[in-house]
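In this document, chain identifiers A, B, C and D correspond to the written order of the chains, with residue numbering beginning at 1 in each.
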Amino acid sequence: MISPPIEAEPRGYTLPLSPSGRSAMVTPPPWHFSGEVVMVDCRVDPDAAARFLPPELTLGPDPGAAAAVFAEWQWCSDGGAELADPVQCQFAEFLILVACEYRGRSLARCPYAWVDQPVPLVRGWIQGMPKQFGAVHQIRPVRSGRAGPRLEPGGRFDAALSVYGRRVVEATVTLEGQVAEPPFLHTVPLVHTRLFPAWVPAEEPQSRLVVSEVSDIEFSDVWAGRADLRFVDVHDPDLATLAPVEVGAGYVFSYAETLHHGRPLESA
Amino acid sequence: MISPPIEAEPRGYTLPLSPSGRSAMVTPPPWHFSGEVVMVDCRVDPDAAARFLPPELTLGPDPGAAAAVFAEWQWCSDGGAELADPVQCQFAEFLILVACEYRGRSLARCPYAWVDQPVPLVRGWIQGMPKQFGAVHQIRPVRSGRAGPRLEPGGRFDAALSVYGRRVVEATVTLEGQVAEPPFLHTVPLVHTRLFPAWVPAEEPQSRLVVSEVSDIEFSDVWAGRADLRFVDVHDPDLATLAPVEVGAGYVFSYAETLHHGRPLESA
Amino acid sequence: MISPPIEAEPRGYTLPLSPSGRSAMVTPPPWHFSGEVVMVDCRVDPDAAARFLPPELTLGPDPGAAAAVFAEWQWCSDGGAELADPVQCQFAEFLILVACEYRGRSLARCPYAWVDQPVPLVRGWIQGMPKQFGAVHQIRPVRSGRAGPRLEPGGRFDAALSVYGRRVVEATVTLEGQVAEPPFLHTVPLVHTRLFPAWVPAEEPQSRLVVSEVSDIEFSDVWAGRADLRFVDVHDPDLATLAPVEVGAGYVFSYAETLHHGRPLESA
Amino acid sequence: MISPPIEAEPRGYTLPLSPSGRSAMVTPPPWHFSGEVVMVDCRVDPDAAARFLPPELTLGPDPGAAAAVFAEWQWCSDGGAELADPVQCQFAEFLILVACEYRGRSLARCPYAWVDQPVPLVRGWIQGMPKQFGAVHQIRPVRSGRAGPRLEPGGRFDAALSVYGRRVVEATVTLEGQVAEPPFLHTVPLVHTRLFPAWVPAEEPQSRLVVSEVSDIEFSDVWAGRADLRFVDVHDPDLATLAPVEVGAGYVFSYAETLHHGRPLESA
């Protein structure tokens, strides 16, 4: 019997490694995302926000500017194969975003994120996005009947995050009209800390600030209105420091992007 | 101490009964539904279909006509209160429908149904709709980006039902164009067997054929195309007899209705 | 072609009716249950408790006596077939029990119950038990290692109920020693209101008080200790009236029973 | 205002980084595990097994020896805090193990693993364990009643893995008696590929073979018997190559360990 050739070494963009590489839980980038977003601008305590920033970043000209972002996504790899199985290509997400700056460039920092599917969770960690697992739900606009809002003035969109069976965050957006520009914190690049924790004794954890590079950004019409944002049953004392001290406008829109890779912060 | 007045008896449209009646799991009708539907016409063995009909019903002029219906719903009671909590007002559903007839009137019989939330399940049983629990997923059309189909020719919509961790049914619809009429089996009334199982010895089960009465029916534009429908890992031998022997057109549309009550079949 | 014989009418103990009857979601009784229980005695406001009792029942000699019961069950029908699929034969449950009396006989009333599987939910409704859907978790004793308590003094057992992503109830029991008798409210029959809601106009809902009849009751050794019981994020105002005003002993034990049918209260 | 001191930089063993470090999804090791195991020895095609091994490892003296391991775990960090919330400290797991060897030392390779909770999933990836998300269920022995097996001859233990709503693997173990030794593949160290995927262009993925170091291993009595192991609805063609070609004995036992860190394979 001939030994398997060297290229038979198990492989994959991520674990699990396998002979063909097809078992990898996460496909290699790029990844395409199309989603429906319910977002609320808010203000958090600037000191609290600052404590979530690595020393390379500053709060920038609007300290404490932040946002809560709910989204229902579909995603696929370049070939689009995942779209043939709705069980695999859908997830819901909740993010907290904090405005920050690097050498005068506006960025957003995501101190907390939750998704309801494991592939986006692991994919987030590859990027440095601190995704945890939660139950994320948001109202969908309807095209027929009375069981939901329309994309029109008065349309009400509620969203909620639960973690470990606790209701953590709730948001309500009531539409007033369309606006010309998408909300600022959804337009700036995200800067993440890509972290490889230590495991082998004497090994140091690896950590690097990276900015996500995306293309093919699309916004639908952006609806805006008044909003509410509530921290409900929060047990993590660090998360609690980011409770909104002021709630701004709310937004409902659809959004798409293609995510390619990360750039080191200093070269981004 | 004065005894509680007689109206303090615990009450509710359903269990749990409570002092105010507000604990009832199911609110009294009417209920409003707005949903996105992926539906596939098919043909099943007419003898198999007949064995699912009570003696009052016949197969009608098109024996074996059937359909598989996936839907993602939002619902609310008359006041709309449920829409304030997206965790409570959304569910997904999969139905099998079989064409039948009562004294010359076209009806649909639903031998099997699955939903992914408990309130619709119990509400179904009140109506005589045999809802069980399953994981139901369907592709959503997107307004932005590449991670999903558009409502246009070539748009592909997949849907899947899993029960107890087994993939049971899968469907694929590829749009070709709009059609003037919604699919027939989604336009005829449903006839259910409202059943109250026996529990006290010597007590007979109660059973009555009822037709659901709905109003405020709305269809969006109806897209149609070619379809596939697959029974995958079916363990219930009775369900297996309804595997499609021929697959017809597929449809994607939004739909709304208000469900009021049932009428006895003989007076409906 | 010969018409199908009359016995071919679709049948089943419950919906879905099918040619063989095997599709029924719930098998006919008896049902066998084996479970691990974490239970806390408590006292609720007697007036609040009274408002949950139908007029036929009184609070009895110890008004306001109540209990919170967490249990992890396995169940099967007489043939035991369900035990071959662990996905189908396991569920977790949380009950509130209130002491009551009928003509001098001690009974327990269950105003609220939650389970995490659909079959026990529907089976509960057949009996008149007001089961809703929730996430129910409890610590398991361990036989090896440090990641859990032993059944010995100092062993700590926590349990939690979440509903719609809200933490509703939490309990903690810390064992002190074995006791000779199981907790009283787990030894008296349950009296339920078997309710068939109205659906057809002019039809009245049907309602009857029934007492569950069980046999083959088994208790393991019963461990007892001090306990805590907390209502956390309760949104149902009727449920809130049953918040404990005093917390008694806690118990950990295993329990089994066979449930046969119900008897009308007046003949039970 | 005084700048926050340098130690205020956000920190944590893993993401999310936060001011106190307490938001980290995964606590630093050591981690303590106590679990109930249902395990089946089997044989897979040696060529297929070999293709899952990195070049440093060989199949060893018993090529194709493998096992399927179901386990229900509780876990905690050193302080044991997680045991106060049963929602956080429990998970179920399914592993495939393949016998292998490094310089004459017997090891086990885990080409595939699934868990039903996100923290064990991420914790697995830190170690190089390729954990994916699945629904894992196994029968529990009972102390009372008929709804489950006893740890005695004839006791039957079924277990099942579902992934994305597909039943993937099922096992059945029927006890015959106790054995003196635990199953071999549960006694040898696991060798994993700790992988940090590439994300920044021109960056190479990092990959290192590490052996998990555990202490405080405890086995209960080990029951053994005849077994069955079935691959049911497998869509990953690489996984399919590991379908059992021969099924050996089955085992039921409880097991505990403390997991400390990894050692590079060459120094382990």
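The definition used in the following text is that a contact is a pair of C-beta atoms (placed from the backbone, for glycine too) under 8 Å apart; a residue touches a chain by one contact, two chains touch by 3 or more.
For each chain, UniProt lists the protein as follows: A, B, C, D = Enduracididine biosynthesis enzyme MppR.
Predicted model only: the values in this text are computed from it and were never measured.
Enquirer: Regarding the subunit B and subunit D pair, does the interface count as same (over half of residue numbers shared) or different (under half shared)?
Expert: same
Enquirer: Taking each chain's centre as the mean of its CA atoms, which one is most distant from subunit D?
Expert: B
Enquirer: Looking at chain pairs C-D and A-C, which one is connected by more C-beta pairs in contact?
Expert: C-D
Enquirer: How far is the middle of subunit A from the middle of subunit D, if each middle is the mean of its Cα atoms, in Å?
Expert: Averaging C-alpha atoms per chain gives centres 29 Å apart.
Enquirer: Round to the nearest whole Å and give the separation of the Cα centres of subunit A and subunit C.
Expert: 40
Enquirer: Can you compute the centre-to-centre distance for subunit C and subunit D, using the mean CA position of each chain? Integer Å is fine.
Expert: About 34 Å, centre to centre.
Enquirer: Can you list the subunit C residues in contact with two or more other chains?
Expert: In subunit C, the residues touching two or more other chains are 85, 87, 135, 137, 160, 162, 164-165.
Enquirer: What does subunit B use to touch subunit A in their complex?
Expert: 32-36, 72-76, 80, 83-87, 89-90, 135, 137-140, 142-149, 156, 158-160, 162, 172, 216, 218-220, 254-258
Enquirer: So in the complex, which bits of subunit B are touching subunit C?
Expert: Of all residues in subunit B, those touching subunit C are 4, 6, 8-10, 13-20, 22-23, 25-26, 47, 50-55, 85, 87-88, 111-113, 117-118, 121-122, 125-133, 164-165, 193-197, 199-201, 205-206, 208, 210, 236-239, 241, 261-264.
Enquirer: Spell out the part of subunit A that touches subunit C in their complex, as residue ranges.
Expert: Those residues of subunit A that touch subunit C are 135, 137, 160, 162, 164-167, 232-233.
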